[in-house]
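Chain IDs A, B, C and D follow the sequence of writing; residue 1 opens each chain.
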Amino acid sequence: MMHDVEVPFRVRYSETDAMGVAYHAHYLSWFELGRTEWIRVHFAPYREFEARGLLLPLTASSVRYVRAARYDDALIVRARLSAFGPLRLTFVYAVRRADDGVIIAEGETHHAWVDRAFRPRPLSKAWPEAYARLSALSEGGDTTRRRSRA
Amino acid sequence: MMHDVEVPFRVRYSETDAMGVAYHAHYLSWFELGRTEWIRVHFAPYREFEARGLLLPLTASSVRYVRAARYDDALIVRARLSAFGPLRLTFVYAVRRADDGVIIAEGETHHAWVDRAFRPRPLSKAWPEAYARLSALSEGGDTTRRRSRA
Amino acid sequence: MMHDVEVPFRVRYSETDAMGVAYHAHYLSWFELGRTEWIRVHFAPYREFEARGLLLPLTASSVRYVRAARYDDALIVRARLSAFGPLRLTFVYAVRRADDGVIIAEGETHHAWVDRAFRPRPLSKAWPEAYARLSALSEGGDTTRRRSRA
Amino acid sequence: MMHDVEVPFRVRYSETDAMGVAYHAHYLSWFELGRTEWIRVHFAPYREFEARGLLLPLTASSVRYVRAARYDDALIVRARLSAFGPLRLTFVYAVRRADDGVIIAEGETHHAWVDRAFRPRPLSKAWPEAYARLSALSEGGDTTRRRSRA
């Protein structure tokens, strides 16, 4: 939990749909707000990865929509790295309302490091310092699992 | 398979991102293209449901991204109703390239019928004819399972 | 100038396109960030207008794209009410980079007050207090025109 | 008028907003549907330009919103090249309803040819065949101006 990053934001009008609530696809870009800040806070801006020719596309995503969110609702997305390896990593997310903490949605995104041609490119080889740093965080951060092993 | 609906479309420039490929959140709106046509073909335009105060928001979604799609790629989304009850239903989807049939993505969306205030509203009560029709399709369409029972 | 409102934000990855820059349509939703805060700061959250059945759709928009913006760029949108009447109003906007102040884009949006059926609905009749307040701001804020009259 | 290109499409649910109508920013991506087909029909797919390192970003856009469009409305966007030079060009658009021809919106987009670094790159030098072809279309298509000269 120590390594969670939280980002506050408001639902934009452009994100609503004819049901009067936030359209479901935008939750994935809210997750990205959290992921972007997680990477920035813990190592470096994600665009420095892309500047080195390293992309981090999604291989899978899932979202559980718990309650509707409306225009101008003040929300908070919390992101956390939950699995990490040389080639693949997973982030988990929770979105909740800022005022009462009610959960709006939860989900996860799975990613793989690739080069500009979308060929697999292990972070451990492409940017060893980044790999070492994130790897250390990953181990230190997964306190739940470490405890359960003891 | 008989009840699958397929919709051809092209990747819009507005759907690409700085990786040069279609941004992952838009896959959910491509799924919606398939879902919209599935409902239209098999019963009535979805907006007739909303005109009766019946909304069908997502309760969950998942996407598996298999290969990247690029601007102007000609794709086909195939949608199919895979689970159906008075209150909940599930659609499954596959997106493939039109020219060579290569799979781009697969996924599913889970839905619940609600009223304008987002309270659960069983379709069986709110619009019995729609429920009867979709229910019949749901049973008849699952030909794979029927065969495996024989 | 006194009544300008500024909102800082970062370019989201979801807002980029295959040129590697922010897609042009999203500038209109950035303008909306500014407009939303302008209304909130000067009178009340926009959603209180909608709660009274008053909508403020666009009748026209224009954008001048000066320089490209990239993923994660820290930008600031400045919004200002530039014309105001019982039925119509206009906002003008400028988007610039936070670090060096370079202008990214400028533009304006024209709006009309309508009811839920999109029939014209003068604010002066529908919500006189809001009309009086915004009208006063409009006069006080248009310092350029006042000076040219002298 | 001879060189106009029309593209039919339906309003996606993802394009609606909490007013129950299509969100104004998406009109720019509808214009792009028309522009994409115009270029394809009259010379070559736009992505062949990008494959040669030629990008065509917007320098300005304007939209006049005439009537609201709703989810699933069948619309047609008509695109036409209205001004053309070595470095700059302009497209004009009209969006109307397919069933009754009612105008939904009109607008225009202004563009400049640039290279991957967003430096000006005249089409006449970068791809002379494309310039010659589009230039010929531009002259032949501008029937209004030719008539007024007579």
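Here is the rule we use: a contact is a pair of C-beta atoms (placed from the backbone, for glycine too) under 8 Å apart; a residue touches a chain by one contact, two chains touch by 3 or more.
Note that the coordinates shown come from a computational prediction; the quantities given were computed from them, not determined experimentally.
Of the two chain pairs examined here, A-B and A-D, the one linked by more C-beta pairs in contact is A-B.
For B-D, the matching interface among the pairs B-C, C-D or A-C, defined by over half of the contact pairs being the same residue numbers, is A-C.
A separation of 26 Å divides the Cα centre of subunit A from that of subunit B.
Subunit A and subunit C, compared by their mean Cα positions, are separated by 31 Å. In terms of their C-alpha centroids, the spacing between subunit A and subunit D amounts to 36 Å. Among the residues of subunit A, those touching two or more other chains are numbered 13-14, 18, 21, 25, 28-29, 50, 70-71.
Looking at the complex, you find that subunit C touches subunit B at residues 13-14, 16-18, 20-21, 23, 25, 70-71.
Across the complex, subunit D is touched by residues 18-19, 21, 24-26, 28-29, 50, 55, 57-65, 68, 118 of subunit C. On the subunit B side of its complex with subunit D, the touching residues are 10, 12-14, 28-29, 32-33, 36, 45-47, 50, 70-72.
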